[in-house]
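Naming follows writing order (A, B and C), and every chain is counted from residue 1.
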Amino acid sequence: MKKYRNWLLLAVVMGIVVAACGGGDGEGATTTAGETATTGEGGAAGDTGYENLDAALAGEFDGTTVDVWAQWLPESSEASNFTYTLEPFQEATGITVNFQPTPDYETALQVAVDGGNAPDIAQIAQPGKMIQYGDAGSLIDIGSWINTEKLEADMVPAFYELGLFNDSVHGIYYKADVKSIVWYPVQGFADAGYTEPTTWDELTALSDQIVADGNGNPWCISIESQEADGWVATDWMEDILLRTAPIETYNAWINHEIPFNDPEVLEAAELMKQIWFTPDYAYGGNTYINATWIGETQDPMFAEGGPQCWMQKQAAWIGGFWGANRDALADDPALPQTEWPIKPETDVDFFYFPPIEDEFGKPVLGAADMFVQFEDRPEVRALLEWLATPEAAAGWIERGGFLSTLNTVPPESYVYPNTELSVLVQEATTLGFDASDLMPAEVGAGTFWSGMIDWVAANGENTEEVFQGIEDSWPAG
Amino acid sequence: MAQAVETLTPSQSGLKILRALLVVVGVGIALWLGLRLLTDPDVFSGLGPNWSKVSQALVALVLGVGGIWALFYAANTIVEVLPARASDLLRPYVFVLPAVAVVGLYLIYPTVGTVAQSFTEVPEGAGPLTNYTNAFTNADVLIALRNNLIWLLVAPAAAVVIGLAFAALVDRVKWESTAKSFVFMPLAISFVGASVIWQFVYAWKPAGQPQIGILNALWVWAGGFLVDWGIVAQVEPVPWLQIPFWTTFPLIAIMVWLQVGLAMVILSAAIKGVPVELTEAARIDGATELQAFFRITMPSIRGTILTVYTTIAIAVLKVFDIIFVTTGGNLDTSVVAVRMYQEMFRFRNFGQATTMAVILLVAVIPIMVVNIRNLRRQGIGS
Amino acid sequence: MTAATSRMGRLSRRTNDGAGWLVKIVVFLIVAVWTIPSLGLLVNSFRTSVDSSSTGWWTALFNPLASDWTFDNYVRVLGSGGLFDALVNSLIVAIPATIIPITLAAFAAYGFAWLKFKGRSLLFGVLVGMLVVPLQLSLVPLLQVYQGAGLTGSFLGIWLAHTGFGLPLAVFLLYNYISQLPKDIFESAYIDGASPFTAFIRLVLPLSVPALAAFAILQFLWVWNDFLVALVFLGTSSNVAVLTIELASIVGSRGEAFHLLTAAAFVSMVIPLIVFLALQRYFVRGLLAGSVKG
C-alpha cells in the first residue's frame, strides 16, 4: 500500500504545482482561411445598399470572426476557389472568415445545430434542408433584417423565391448549377460528321446513327454515387418532365398536388426509357448505369481508339472529372481550365438538352447552393450581405466553375462554360429547380433515388411498380 | 468472501479513519485541480501547440489513471474502515460504480431518451405506438429487418469458425506473429480504406473491357475456358454489388473479412491461456492433435468463443458503414442501422429513427441473456 | 505438473511444427485470401487514378517495368500541411482513450465476476447491453451536455466520450476472461489474508494481461480509426483535427481525389500495426501454468 500512497502524494503535488503555474494569454487561435496582409482594394466603401456591409467596410467589425461551414472539402477546387473569393472581403473589413470545410457534412451540420454548436453561416444545397431547419426553429430569419428590396432586385427571381420560408428570406442563393446540357467530344463529332441536335427527334436520330455506324454507344450514363446513389436519374426525369408538361404540372408534382405517378410523369418516364433502355443506346447497358461511379461515367469518351460513348448529360462540374483531369486537379486544385489535360470547349463541348414539345419552349433545370444563418451578430450579417453582391462571385468566376444567382453579374465576366450558361439561364422560357431537392426528404432523397436504381436494375421494365411505390411512400400530411 | 477480521484498539481505528479521510480529501482536491487544469486553455499555451497538447495528454494520463487508482484506493480505504458486514456490502460497488457512472452518462442517458422519444415523437394526435406501427407496415423497414436476420445468421458464425480455426492453427506455426498480423491488418485499415479495397475486389466493367476487380477478373478468366470448350457461349462479368437482394452476401463477406481479425485476436489470447500441460497430457495419453483440440482446448475456452460470437453478433446487428457506403441501402440491401441513419439525418424523422434504435436494442437482449446464462452455468464467479 | 513435464511440453511443441504441413498450407491460404484485397489497394496506391480505373492492379504487378508507377498519391497525402499535426492529435486522443477505459473496466469486471452484491446481474446486463446502442443516437444529447459544460472541442471531452463508448465492450471482454480464472487462486489468497482489493491488484491484473492487451488493441484501433466521434466532439480545426478527419478532408466533396484514399489508408495504418505487433507479445501462453498447484 505504501507504493500507492506515494503515487497519491505525487498526484496531489503535481496538481497543485501545475495549477499554480496556470494563467496565460489569449485562447488557442483557430486557423483562418486565406488572410493576406495586403491592404484592401476590395469592395467600394460607402453606400452598398446594405447597412451592415457598409458598417463593415468602414471598419466597425474589425477583429471579429465569422464561422462558415460548407461541404466543399479543403483540397477541392470549390474550397480553394471560395477561399480565394473571400479574401477581398476579409481585407476590406478586417473580419476574419473562418471557413471550415466539413466532411460528412449531412451528419456533422445536423448534430452541431441540434447540439447547440452551430456555425454562424452554413452552405446547403437543398431548399428542403432549409425548410427542415426552419421548421425546427434553428434558422435566423434573414428577411427580418436584410434590405429585401435590394436583394430581390439583384437576384434572379426563381432563386430569390426559393430562399423564402414562411414568406421571409431564410436562405441566400449563391452558386448555381445548370443541368440541361449534354457534353460531347468535339473532334469525334467533327471526324464522324455528327452535328449538335436541336430537337428531341434529332437527338434520337443521332443516337440511332451512332449505333448504326458501329462507333460504340451513343450515351454515357451512370448513376452510382455511394450514399447519394440515384440522383442523376432524378435529374433526367425532371428535365424531361419540364419539356413535356407545363411548369404548373411540374410544381404540382413537387407539392404532391398530383400523385407522383401522374400519367404526365409516366409519359416522361417512357421518354427517358427511350434513351436509357433502348438496346445499345447506353454504354454498358443498365449494369453500367448502376455500377459505375458518376465521376467515371464519361471515361469511355476518352478511350484510346476513339470515343466509345458520345454524349453525357451532366452539369458543368463534371469537367473536373474527365479522365486525366482527375489526377491533374488532385495535384493542383487551382489549375486553370486552359491547362487541363482534357479541355472544356476545345476537347469537349456541350449543347442544350433539346426541347421535346414546342409549346413548352426551352426550359432549363437547375439547382443551387445557398447560405443560411444560424447565429446573429452584425459581422455575420455583413458577410451574408456581401455574399449577395457581385464581388462575392468575382474571385470564383475568375477561376472558373462558378455561375452566380445574381442578375447583376455581366455575362462577359464569366469564363467558359458559364458565359454560355448564363445566357442559357437568361433566355430560358422556364427555370425549373431540381424537384428532388424540393420534395420531402423521404422521397426526394429516399424513395425517388432508390426507386430509380431499382428501375435501372430491372432495365426499365417495372415502371408502374416503381412509380407507384414512390407515390406510396410520400409522407402523409 | 469474508476476510479475517482484525480487532483494533480505539486509537488505531481512529487513525485509520483519519487516514482514510485524508486520502479521500487529498484525492478529491487533486482530481478537482486536475480537471481545472485540463479544461483551462491557458495553462499549456506557453509550450507551443504540439508540446502543449502532449503535456495535456500526459497530465490526463497521470491524473486519469492515477486518479482512478487513487479513487479506488480512497474508497477502498474507507470501506475497510467500516465494520466487516458494511465493508463487504459496499466494496463491490466501489469496483463497479465508476464504470457504471460513466456508461450511465454516455450511453444509458441517451438511450433512455431515445426509447422515450420513440413513443413521444409522433405526429399531432397520434398514439404512442404510431412509430412502431408505421415501421412494421413499411415495406422498406421489413426488408431491412429481413436482411438483418440474414446477416445475423451468416456473419458471426462464419467469422467465429474461421477465426477459431486460424487462431488454433497459427498457434503452432513458426511465423505466427507475421501470419497473425496479416489477418489482423484489415482491422487496422480504417473503414474508409476497407471500402475502397473491396470496391477493387467487386468492381465491374462491361464485357470486353479489362476487368479491374479481382473477382470479375477471375470469373472472366475461368469463364474463358468454358467458352473455349464450348460449354457456354460467352461469359459476362458479374455486377456483384448491383444484384437486388443477393448483393447482401458480398457485403457479408466484407464484414467477415474484418471480423475474423477480431475473433482471432481474442481467441488467440484465450487459447494461449489454456495451460500447455493439459493438452500435452492428453497427447501423451494417445490423443491426436485434433482430438486434443476439440476435447481439451475448445471446452476450456467455450466461454470465450461464446463471448466472441456475441460480440460479433452485436457488431453485425449494428452494421452500417459497409452497406451505407457501397449500396446506400438500395437494391434491397438495407438494414435497420441504415434506415436509422436516413430517418435521423436525411428525413429528420426522430420518431422513426429512435424506433429503429429500439428495435436493435430489443434484438440484442436475447443474445446477451444467452451469453450471460452460459457463463453462469459454467460455474463462473463465486 | 512439475518442471520436467513443462520442459517436455516445450520440447514436444517444437517437433510439432515440422509435422504440420497441412496446417501450414491452410494457414498460408487463409493469410493469402485475407491479404490479397489489401495488396490490391497497396498496388493501386502507386498508380494514377486513370490507370487504377482502367486496368487491374495485378497487371501492374505482372509487368512492373512497363507500368506507370507514381508516388504522387503519397506525396499528396503526406504533403498535406496538417498531416503531422493530425498524427500527433490522433495519438493524443487514442492513448488516454485506451488506457482509461481499460482501468475502469478492469475494476468493474472483477467486481461483477467475483464479488457478490445486490443488483449484480441487472447492472451488468444494463452495462453490457449498451453495446448495441448505435453511436449516432448519443451524439446530440451528449453534445448538448458538452456545450453546457464547455467541453466541446477539448481533448478531455473526447477522452471521456471514448471511455464511455468503449466501456461496455471492455467490461464484457474482461468479465469473460476474469470470470474464468480458477476459483482456487482466490481461495488461497483469501486464506492468506488478502482483501479483495489486494487480490485484484496482485492476482487478477497480472493474470489478465492477455485480455487487457487484447482489448487495448481493439480500443486503440477503434479510437484511431474513429471519425464520427472526433468530428462531433473535437471538430475540424487544425489544432485538434485527428488523422481520420484530415484524410477525409483530402477527398473532395463529390469523391474527387477518391484514389488518394488508397495512399491515405496505408498512411493511417502504420501506427495501429505497430501497436498490434507490440502488444502481441503479451499473449503469452501458459501464464496460468503452475499457478493452480503452486
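As a working rule, a contact is a pair of C-beta atoms (placed from the backbone, for glycine too) under 8 Å apart; a residue touches a chain by one contact, two chains touch by 3 or more.
If you're wondering where the values come from, they're calculated on a predicted model, not measured in any experiment.
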{"item": "Touch-network distance, subunit B to subunit C, counted in steps", "value": "1"}
{"item": "Chain pair that, of all pairs, has the most C-beta pairs in contact", "value": "B-C"}
{"item": "Label of the chain whose CA centroid is most distant from the centroid of subunit C", "value": "A"}
{"item": "Mean-CA-position distance for subunit C and subunit B (Å)", "value": "10"}
{"item": "Centre distance in Å when subunit A and subunit C are each reduced to the mean of their C-alpha atoms", "value": "38"}
{"item": "Inter-chain centre distance, subunit A versus subunit B - centres from mean C-alpha coordinates, in Å", "value": "38"}
{"item": "Where subunit B touches two or more other chains, by residue", "value": "49, 69, 73, 345"}
{"item": "Where subunit A touches two or more other chains, by residue", "value": "28, 107, 226"}
{"item": "Numbers and ranges of subunit C residues touching at least 2 other chains", "value": "53-54, 136, 142, 227, 239, 248, 258"}
{"item": "Contacting residues of subunit A [partner subunit C, same complex]", "value": "28-31, 71-78, 100-105, 107-108, 111-112, 114-117, 225-226, 293-296, 299, 317, 320-321, 323-324, 326-327, 329-331"}
{"item": "Subunit B residues within the subunit C interface of the complex", "value": "1, 3-4, 35, 38-39, 49-50, 53-54, 56-57, 60-61, 64-65, 68-69, 72-73, 76, 80, 89, 91-96, 98-100, 102-103, 105-111, 113-114, 162, 165-166, 169-174, 177, 179-194, 196-198, 200-201, 210-214, 217, 257, 260, 262, 265-266, 268-270, 272-273, 275-277, 280-281, 283, 289, 303-304, 307, 310-311, 314, 317-318, 320, 337, 340-341, 344-345, 353-354, 357, 360-361, 363-365, 368-369, 372, 375, 378, 380-382"}
{"item": "Touch list for subunit C against partner subunit A, complex", "value": "48-50, 53-54, 72, 76, 80, 136, 139-140, 142-144, 146-147, 152, 227-228, 231-232, 236-239, 245, 248-260"}
{"item": "Interfacial residue positions of subunit A with respect to subunit B in the complex", "value": "1, 4-5, 7-12, 14-16, 18-19, 21-28, 106-107, 110, 132, 136, 226-230, 283-285, 287-288, 290-291, 440-442, 445-447, 449-450, 453-454, 457, 469, 473, 476-477"}
{"item": "Subunit A contact footprint on subunit B (complex, rising order)", "value": "23, 26-27, 29-31, 33-34, 36-37, 40-43, 45-46, 49, 59, 62-63, 66-67, 69-70, 73, 123, 139-140, 204-206, 239, 241-244, 324-331, 342, 345-349"}
